[in-house]
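Have a look at the structure below before the remarks.
Chain nomenclature is as follows: A, B and C, assigned in order of appearance, with residue numbering initiated at 1 for each chain independently.
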Amino acid sequence: MTSLGDAPIVLTEGTHPFLERFDPKFLAAASANAREMRFETDEYVFREGERAQRFFLILEGKVGLEIEAADRPRLTVQTIGPGEVMGWAWLVHPYHWPVAARALKPTRAIALDTFVLHRYFKLHPDVGYRFVLRLMPVIAKRLDDTRVQLADIHA
Amino acid sequence: MREFAAELATGTGDPGPYAPFPHRVISRTKETADTTTLVLAPIGGGKGARFSPGQFNMLYAFGVGEAAISMSGDPSEEGTLVHTVRAVGNVSTALSRLKPGDVVGVRGPYGKGWPVDQMRGKDVVVMAGGLGLAPLRPVIYELYSHREDYGRVEIIYGSRSPTELLYYDEIQSWRTRTDTRFQVTVDSADRNWYGDVGVVTQRVPDARFDPARTIALMCGPEIMMKLSAQALEARGIAPSDIWLSMERNMKCAIAQCGHCQFGPYFICRDGPVLPYARIRRFLAVREV
Amino acid sequence: MSSVHRSIGDRLVLERSDFPMLLEGLRSRGYVTLGPVVRDGAIVYGPISRVEDLPIGWTDRQEAGSYRLEQRHDQALFGYTVGPHSWKKYLFPAHERLWTAERSPEGFHVLPRSEREPRYAFLGVRACELAAIRIQDRVFDGAFKDPGYHQRRSEALRIAVQCTQAGNTCFCASMGTGPRVDADHDLALTEILTGSAHYFLVDVGSERGAELATDLPLRPATEADVRAVDDLLEKTSASMGRTMNAVGLRDLLLGRPEHSRWTEVGKRCLTCTNCTLACPTCFCSTTEEVPDLDADRVERWRRWDSCFTLGFTHQGRASVRTSASSRYRQWLTHKLASWHDQFGTSGCVGCGRCITWCPVGIDITEEVAALRKEEPVAVPAGGAR
């Protein structure tokens, strides 16, 4: 992963909307190996097939999710911006990114180390459960949005 | 029936309400692969009919037929009519092929447009899906040219892809205005697109407006408007303040052919712009 | 014959033997007289030049999906109810040219309208049919005037005939449109046959009717004549083959778009469009472009259309109403409910044509009764999104 200005960080509830109302003990644990990362325009955050070992909290900028399409150049199918989160492939076997993520403008994000998260959730399943409950609506919303896109609502 | 005065004796020469008036195509702009914008002027000069943003005309291609096409020009500009046509059927395909100098028939304007009077002094949210931007463009001109008459203005325009964006250069210049946010989102894009990808409804949660004093206008496929109206209602805008431009098959435009009925409404006469509060119950039913 | 001044409201008697003079009076005034004739096993409307053109001694027997002509035991001229035709075929023809345009150096121009509309005299207009004409007036003669309709309508003379018998599919009494003729007639006739007597009570309804009556051999009606008419109309009213409860129907139907009856009737409905063609108020139309061979001259025609066709709601790349149930729902809801919003009246006059001429016998009164039945509210089972 090529990124500029990686810096260690201490997570608090105010760091990102996704972290609001999480237990400070969990936030302290999740801070281990957490990095603030910066991506220049066109720089890849990850590519499809790579091992998924980070969970991204977007602070600034814009990231496009990109797929390979038949008989066409690569397609951007979704953009993710400040206050949103990105990447749950680390929770889904075989833990590889199914899409690529490319910065569409200078982007700042916090990357959590998902080994740290997995380890913490094994010891504290109640926190893991709350985390998944927090993530589930994001996944459901993105599935809904994809369905709406299929409905060709911009015809 | 004593009220039947004999003001129309036999063979008066009155061509009746169905006759089109010939207009000449002044210019033609290809917007996308299947969509064309025509600028028309009445033959023999004259100012042409004034219209309210949101109204439509029946355009007639000689020897082919008529189609209902919304007004897309600046309502303050006299003497010309601007129409954006997507080639879908016989008539719209024939209209799309017209070249400068060709003649096209026009009758109208018809219908009730956007609630411009109610919008003054309020925040305005404009949501457009695809070709739905065309009937909204006159009201966007109004918003930009009398910007001080309105509060915050949020324009959200969704397109299938960057190549299907209408009025590309104009949007670019509108987007430079700092007093108005004009967001564009597409369903998918190639790597040259650095804008947003996603659906218009995703842009609603962080749109800036005061729901208690906001008028929302929208036009696009019915499903787009249903979802957008729901999203705006979730943000607290009253259904009576959300206005939709509806579309139905239309033949006569004067509430006589029956085609454009939607619930109790004739889209040609009672619409095309109708408040969500009045039509939501019919939007919720399949095949109305 | 010396002419006598007649006035609106006069009640007079015309002997059957003098009936030809009425036809002569119409002819001499330049009217094209149209009325009931027997054709193809039905009583339809067509040109009338002599009394013998009328369906003398015929009656009709109607049921849902069935229509039969039968011989009467008398020589009544108007001893039937209504057939598949209505006067809309003359006022709002099934096919009508709207305009003609020609190619010109300037592109094209629309030619001035040159149609000379005939002056019709409608003979045998029933009360429900006068109501139907009133309803179509609101469509074609409102804010936008259809010039052809307006011209034909304002010229047409209406000689009504009050119904002295009701058909099995009739329900005008429920809709408040008949059987008594009380407005919009120039003359209203009531045919009376008792023993050897055969005559018509004539009500004068307009100045034109009064003028027409001036040279007819009429005698003032007696109280007994008037009573005979009242008795006949009362009997007709009481013998309607169908009834429909029209109270509150607008709100009820607009409020029940998901009633299971729509699905049920959609399984029977063939979407054949018969009901809309036979209906005297249905007004839907489409337009077609008719170019000549070298496309230098184009005619624009309007023809009857029906909300039962798939193409009726075609838009973009698909139609809105694809199922039979949605089309039946549109028709019935429009006719009985949204018509009130659009035109301030019901679109149904209770003539029963849609019942008789439905090939599968769908009965509008039965459908309304079924739709009136509340359905248990379905409670969603699970918490599925």
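Methods note: contacts are C-beta pairs under 8 Å (C-beta built on N, C-alpha and C of every residue); 3 or more make two chains touch, one makes a residue touch a chain.
As the structure is a prediction and not an experimental result, all values here were calculated from the model.
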item	value
Intersection of the contact lists for subunit A and subunit B	none
Closest chain to the centre of mass proxy, which here is the mean CA position	B
Intercentroid distance (Cα basis), subunit C paired with subunit B, Å	38
Subunit A and subunit C, separation of their C-alpha mean positions in angstrom	69
Numbers and ranges of subunit A residues touching at least 2 other chains	155
Numbers and ranges of subunit C residues touching at least 2 other chains	316
Touching residues on subunit C, where the partner in the complex is subunit B	98-99, 101, 103, 106-117, 137, 139-148, 150-151, 153-154, 184, 254, 257-258, 283-289, 291, 295, 298, 300, 302, 305, 307, 312-317, 320-323, 326, 330, 334, 337-338, 341-342
Sites on subunit B touched by subunit A in the complex	129-131, 158-160, 164, 186-191, 193-202, 220-221, 223-224, 227
Footprint of subunit C on subunit B - complex, ascending	1, 4-6, 8, 10-20, 22, 24, 43, 62-66, 88, 102-103, 105, 247-249, 251-252, 254-259, 261, 263-266, 282, 285-288
Interfacial residue positions of subunit A with respect to subunit B in the complex	41, 62, 64-66, 72-79, 81, 102, 104-105, 145, 148-149, 151-155
